[in-house]
Amino acid sequence: MLLVEARTRLGDLDLDVALSVPAGTCLALAGPSGAGKTSVLRVVAGLTRPAGGRVSCDGETWLDTARGIDVPPEDRGCGYVFQEYALFGHLRAWQNVAYGLRDGTRAQRRARALELLDRFGLAARADARPGTLSGGERQRVALARALARRPRVLLLDEPLSALDPRTRAGAGRELAGVLREAGVPAVLVTHDFTEAALLGDRVGVIDGGRVVQEGTPADLAAAPASSFVADFTGAVVLTGTARRRPDGLTHVALDGGGEVVSLDAGEGAVAVSVYP
Amino acid sequence: MSAGATLLGGPAAPVRRRVVRAGFAPLLVAALAALIAFLTLPVVAIFVDTSPGALVSSLGDEAVLSALRLSLECTLIAVTIIVLVGTPAAYLLATRRFPGRTIVVTLVELPLVLPPAVAGIGLLAALGPRGLVGGAVADAGIELALQTAGVVVALVFVAAPFFVRQAQAAFEAIDHSWLDASRTLGASEARTFLRVAVPAAAPGLGAGLALAWGRALGEFGATIMFAGSLRGVTQTAPLAIYELFSGDFDGALALSAVLVAVAAALLLSVKLLSGAAILGGAAR
Amino acid sequence: MRRRAVPLAAALLALVLAACGGGGGGGDQPARPALTVSAASSLKDAFTAYGRAFPGAEVRLSFAGSDDLAAQIRQGVKPDVFAAANTKLPDALAHEGLVERPRVFAGNELVIAVPADGHGVAGLGDLGRRGVKLALGAEGVPVGDYARQVLGRLGAAQRDAVLANVRSNEPDVKGVVGKLVQGVVDAGLVYRTDVTATDGRLRAIPLPDALRPQVAYGVAVVRGARHPAQARAFVAGLIRGRGAAELRRQGFLPAPGA
């Protein structure tokens, strides 16, 4: 179980979040750019130190500002897949994967790296430099690198957005499998609700440094807590005036003309989300 | 397109712009050609004027040989010190924001704009027998002025900023997420520095090394002021050239030619080495 | 071989000079020729004062070791006047046809200079003592050659002991003075006028009469000078006139044998 509480000011943003992610599940944080999604990952990884907060994983405290605890990133054991992947350009693919491995001889580390690359179908590209890899290959090398150290938490920053649409669907399915298999808490960040719904067991919609709503993808789509969430989940949001009719349905006269009917109760000025 | 032309006030504007553009490229070429001609002419003249006989006989001259040997030794020690101290310092400047950083960067760069003579005076005023900390240095049993060690001190002083500036720029150019990635992969800051930052910045570090080495090889003013000129002890190649200049112009030319060749070879080999690092490394 | 490179360099230099001159030489000033004088470092103060007062031209002074200035003239640099701290260099240049007949215009005294607060050296006998640090002019520089003349008159053992104490062979006399003023060395052989010019920071110890070399300054108008008439007037003033007066005021001796 990963527990995160963080309050801090980052430039124009007031970050204030509290999250808990059970092992074997993926929390997808979705929101517009500048909402503070990446900052949450950085706080978990220890790359950003918040003014106040706590981070713990399986009962081990990584950060507790009140008690002055701040475990450095290298001792936290987070597998972090960066946006654009951050592969080391001066190292070959297998050396990138083996970078985090400390035990064994060089030959043993290489064997372990090749094993991981093979799992992602990249054994043939082991000696390639990142610059010569395709976007999809780079994403898989980055995943293999993050998994190589058997991380205690997986952090993924926009893992699919650098891919072209054709590779994205396949990579998404593959990633979902990896997350299930890893069996550790995972936090994934994306600006795309569809991606969040596909990969996250639960989705947190984040805006202006706060999680405005959290739930299963279905919960969020069915009952968005605000027009922002509704809008973000991909619904068309319309405004109008609601009136309860004797038939038990709520009729909303839309401001732009026309009428919609809903099972939800409501009265007066309302916003209506419609999934096209 | 037509709307743009209308806004610019008719067809005259695009036409004039094209004329300017047509005249600009030759201007650039002419400027570069003039620059190259001016910068290479003295070097060419040195080689044209040096007779092969004078070259050979100067290489047999004990004064010339000892000056060259001393130059190589002193510059080698100086650039080693510069690289060992300058690389971590440049890394700090490139990766951290702290109050007064701009001032620190300016202080590091200051020797770049100091005339070498001022550097020499400054070193004497600081480390000379009557200098600011000269007494403490002498008490520690270290003698710098008029000593070979003083030559190294002068070289480090004038050449270090050339390396540190370049190294700082090279470290700043590294994708910061590489450093973050290294940390999350279990590498300490020190290991990240050695395994990611330095290799990734290698081409820039190499270029800085070449510049600093070249500057050190050519150092004259600060050396003669602080370390003096004594054959085999403090008389580096540039000082020997200056001494030969009045009595034996051909000898001075020959030694100049040798120095140019050595400097060019150093520059080239460092460039080739760091070039290999570029090819072998980040083809991003 | 050299022929080919020089005209090219000269052309480029002329271009640069023309560019500089175009900006500086305003037309509204009365045509006052610029007289270029290359002079030995030790003449700095005297010539600066004389140059400022010289009526015939605007005097531009260039100071360095006499041997370096002579080498420049051999390489084709043409000042109007060349003044050296010996007679050997002007004589040699005259022999090569590069300058007109040289004149001897002043003398000087070679002395042992020590920092005013220095205690280590009281006379010539101390120069060879173990641990004493010396700076001399380099060989070929007049002040260095005079110093070696002095050492040449010592016994071989003493001469070798003194030479072993030399820590720097400076390219001109000002370099020796600088090392002394900074206390980097304990003693050096320079001209008395250089010691006077330090305003008490250095002290002069006279050399024994038998060892004292004759220091004579030679001056010549450079052949092909741009302003030969003014150059001759400048030289004349050094021998009898404002220049000579200024030299005496700075402590230079009358020309030996004049």
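Remarks
Think of it as A, B and C in the order they're written, each chain with its own count starting at 1.
Here is the rule we use: a residue touches a chain if its C-beta (ideal position, glycine included) is under 8 Å from a C-beta of that chain, and two chains touch if they have at least 3 such contacts.
Note that the structure is a prediction, hence the values are computed from the model and not measured.
A comparison of C-alpha centroids places B closest to the centre of the full protein. Averaging C-alpha coordinates per chain and comparing to subunit B, the farthest chain turns out to be A. One finds 47 Å separating the Cα centroids of subunit A and subunit B. Subunit B and subunit C have CA centres that are 34 Å apart.
Between subunit A and subunit C the centroid-to-centroid distance comes to 80 Å (mean Cα coordinates, whole Å).
Touching subunit A in their complex are the following residues of subunit B: 175, 177-178, 180-188, 191, 195-196, 199-200, 202, 277, 280-284.
By the touch rule above, subunit B contacts subunit C in their complex via residues 37-38, 41-42, 44-45, 48-49, 51, 124-125, 128-130, 145-146, 224-225, 227-231, 233-235, 242-243, 245-247, 249. The touching residues of subunit C, counted against subunit B in their complex, run 1-2, 4-5, 8-9, 12, 65, 67-68, 70-71, 74-75, 133, 135, 138-141, 166-171, 175, 178-179, 182-185.
Taken in their complex, subunit A has these residues touching subunit B: 42, 45-47, 72-80, 82-84, 86-90, 99-100, 102, 129-132, 145-146, 149, 155.
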